[in-house]
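Per-chain residue numbering starts at 1, and chain names A, B and C are given in the order in which the chains are listed.
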Amino acid sequence: MKFSYELDELVDLLVPKKVVGHTSFPISHIESLTKTKEGGISFLGNPKYKKDAAISQASVILLPMGLDLTPKANQCFLLFDNPSLALGKLCRDIEEKYCPHPIVGTHPKAIIDATVSIGQNVSIGPNVVIEANSTIADNVVIMAGCYIGHDVKIGDNSVLYPSVKVMDFCEIGSRVTLFSGAVIGSDGFGYETVDDIHEKVPQIGNVIIEDDVDIGANTTIDRARFSHTKIGKGTKIDNLVQIGHNVIIGSGCLIVAQTGIAGSTTIGNHVVIGGQVGIAGHLNIPDGVMIAGKSSVANYKPKMGKILRGNPTMPINDANLFYVLRSRIPNLFDRVLKVEESLRELLSK
Amino acid sequence: MKFSYELDELVDLLVPKKVVGHTSFPISHIESLTKTKEGGISFLGNPKYKKDAAISQASVILLPMGLDLTPKANQCFLLFDNPSLALGKLCRDIEEKYCPHPIVGTHPKAIIDATVSIGQNVSIGPNVVIEANSTIADNVVIMAGCYIGHDVKIGDNSVLYPSVKVMDFCEIGSRVTLFSGAVIGSDGFGYETVDDIHEKVPQIGNVIIEDDVDIGANTTIDRARFSHTKIGKGTKIDNLVQIGHNVIIGSGCLIVAQTGIAGSTTIGNHVVIGGQVGIAGHLNIPDGVMIAGKSSVANYKPKMGKILRGNPTMPINDANLFYVLRSRIPNLFDRVLKVEESLRELLSK
Amino acid sequence: MKFSYELDELVDLLVPKKVVGHTSFPISHIESLTKTKEGGISFLGNPKYKKDAAISQASVILLPMGLDLTPKANQCFLLFDNPSLALGKLCRDIEEKYCPHPIVGTHPKAIIDATVSIGQNVSIGPNVVIEANSTIADNVVIMAGCYIGHDVKIGDNSVLYPSVKVMDFCEIGSRVTLFSGAVIGSDGFGYETVDDIHEKVPQIGNVIIEDDVDIGANTTIDRARFSHTKIGKGTKIDNLVQIGHNVIIGSGCLIVAQTGIAGSTTIGNHVVIGGQVGIAGHLNIPDGVMIAGKSSVANYKPKMGKILRGNPTMPINDANLFYVLRSRIPNLFDRVLKVEESLRELLSK
């Protein structure tokens, strides 16, 4: 992406507490301190990287107040209470000014049933299909190739990236982002096995995604057997995650990539789940629990505490201790063998 | 989904062994016993939840015969040998009557090569692409945006949800369901490394999916290097599963989400594989083996028995014992230290 | 796939060092030694399967020089220094002659912005969408339903299978293959949590995929927060892999299915990563490291050596030793108990 900011523009935009030095280079790239070159901007998020700032070739560096560094020739330091927030502000400005914005209106190659209700200021891309009786609220963006089933509701200001699928009867809240390839409302994995034949259990529930949720690319969220699979307000889910049927997830959770949650499990509010975690079905994970990446949760009891790790999970301190001792186990076998030999000698005397 | 059943209709449909009490509410939702409200129906699948039935606000409850509970005012109990089967019957009726059904015929925005053979009563949605020489049997449903390559065969009564990809030369049986985003017949991951360069090994085989198979959303099944990758009759595969090239899976297996099976492994009949399991390549897993979720199978020998767990897998009893002892290992180190000290004292006497 | 080779054609194509015996069957399938039938060709890659060659029903078998086997009636042996390479040559010939080739030109149902630059000999399938200012070099194949965002560059001779998504500003090199459903350049999973609300951090970087890279089906590679997520030259990535934002992967790596690499981690050159591996964020994995399948890498230090295994990873010999001892741990508990009892007896004397 090409962008360009003169030093004056940056100062006007970010309003630093202090400006030290000056640069004549327009700023056209953002990089880490050691990779930035002339015309680049960088930032010091963590004081332990102060050395990197001292040798950085960046033309502009965002620094925390109180750092005793002197800019080189043609280099400018902008000082803030929180340089990371200042960088975020710049990134949002770049996004606003330099990233392409969806075109309001329905592309002529979209295929939309006559019964669909579409709000104000909606953008619908080419090859989008929207089936009967669905409702699209104001300011929604539905990008190329998305499929919206029958009787779907999509709340205002939500964004669907290319090739998202939202199946019949699902409900998407406001300000929800669904990234490319996500499948919302595919059938749950439910079978009754009679005489070795797996007969499908009908999956007639839906998925409800509350406001301010993000769902990552190629993530799959299954519809309920009946009633609802639910993702609570403000929860953020990463790529390639699997959410089973009838799972209920609370608000404000973070679920990292490739995690799987089996059917009918309930997750509380503000739960944080690392990547590649597996959680068994029919469990109840309370508010505020944190689960380390690659863990598997076979059950949960309050005495396990709030931070879990392991396969299957233990309280994190137990898990960390086990991982330390694990490498000393060969030595423990040797020690026990020596003890046995000593004892045998003692006893034979 | 909106539906409505008067009590009379329910009784006619489900034919209970006994009717106790009466309700005037039409039934318009299904929920668990503790969540159901007026106008709702629920069921008691497991007698241990009898307490929930006693306090449920459901207007109709499906119960097993022989339960001594009395309905509240305006509440009706329907008694069955198997209430779960009765609920299944109701769900299938709702599916039949209230879920949208695909429209027979080819959507004008489908793009189908002139050489494609299409059976009777087929439904092909918008933006579907079918390449030359493919054959689509009777009663097949291919939903929006699917891609069917060259020389593909799809058997009767199969259903392809939106955006399924079936690549050249693959063969899909009868009554197969492929859920959204599944990729059938992508190239296997095969390279020969010569002088540090990974040269691609041509993947000219195909994928054969036998009758009555389900394949989950965003699952990927790779085509064989040559000959076939094969999924046996009646096997059900969940979402985000990876099946490598030349894998042969028997009939009646269940494979839960996010599992991966590496190339050239053979899986017998009626094998059950939990979620997030990894199975190495070139293995032979015999009929009836069960593998607990999150396990990894590095090899298989008959003495391991039929139920496996762990990373890498052990016989399940060994794995369960290890997981119990694991938390006592710190204590074992302490005990060995004490023993060593005692011995040292004894020897110094 | 149907193909047919007379023995003469095979000899002309493969140029064996020696021909023993003769077959009149035209060759129309390739299979393993024990599964091949009349009219089939097979090969002996590993001398330990010599027995299989002796009983094989294949009409033609590719064998290593110096094997003292005699063909049956109507069976022909073709001898090579490397029979596996000869088979590869045959497979490439079949691919060339019998697999469908993309049609050069832009399908009338593709939707391409007027500002897009398209090279010579390019094939663009139906329902492809290419947004403004993108550049497609010579000999590129973009199959049905792909989405190419704004300002994307795709290098010459690259192939995009159906329904690949390449988001705004990403850069794809030459001879790159992106398999079906891959998502290149979705937003990284970055939030700042303020008062329990997860606020999205703008993701304004891109993804750069260098020359000769393959990316598997339904794999997701996130765009950088700023600057680049990068996949180095000649690296091959399997299906359903997750690459986080700002990850830098070197050249010539192999990354097997369902592996996940968290944000800002750097992977060196010629690193080999097994299936279902998890690698934490902000790590630095040096050149030539190999990581066994299902492992999780929480950190890396040079003393760990170059081959890692375990959850979390250990040097592979330590991991293998631990897995052997793991099954003897119950016995170790018994031994320590006996030792304690003996000691108690001794001390009580």
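Assume contacts are C-beta pairs under 8 Å (C-beta built on N, C-alpha and C of every residue); 3 or more make two chains touch, one makes a residue touch a chain.
A quick note: this is a predicted structure, and the numbers were derived from the prediction, not measured.
Participant: Graph of touching chains, which shape: line, ring, star, complete, other?
Facilitator: Per interface graph, the chains form a complete graph.
Participant: Where chain A and chain C touch, do the two copies share over half of their residue numbers, giving same, or under half, giving different?
Facilitator: Counting shared over all numbers used gives less than one half: different.
Participant: When the C-alpha atoms of chain A and chain C are each averaged to a single point, how far apart are the two points in Å?
Facilitator: 25
Participant: In chain B, which residues are in touch with two or more of the other chains?
Facilitator: Touching at least two other chains: 127, 145, 163, 181, 218, 240, 258, 276, 311, 329, 332, 336, 339, 343, 346.
Participant: Note which residues of chain A are touching chain B in the complex, please.
Facilitator: Answer in residue numbers: 111, 127, 129, 131-132, 145, 147, 149-151, 163, 165, 167-169, 181, 183, 186-187, 189, 191-192, 196-198, 200-202, 204, 206, 218, 220, 222, 225-227, 240, 242, 244, 258, 260, 262, 276, 278, 280, 296, 311-312, 314, 318, 321-322, 325, 328-329, 332, 335-336, 339, 342-343, 346.
Participant: Can you list the chain A residues touching chain C in their complex?
Facilitator: It is residues 1, 29-32, 35, 84, 88, 91-92, 94-95, 98-100, 109, 125-127, 143-145, 161-163, 179-181, 214, 216-218, 234, 236, 238-240, 252, 254, 256-258, 270, 275-276, 293-294, 311, 323, 326-327, 329-330, 332-333, 336, 339-340, 343, 346-347 of chain A that touch chain C.
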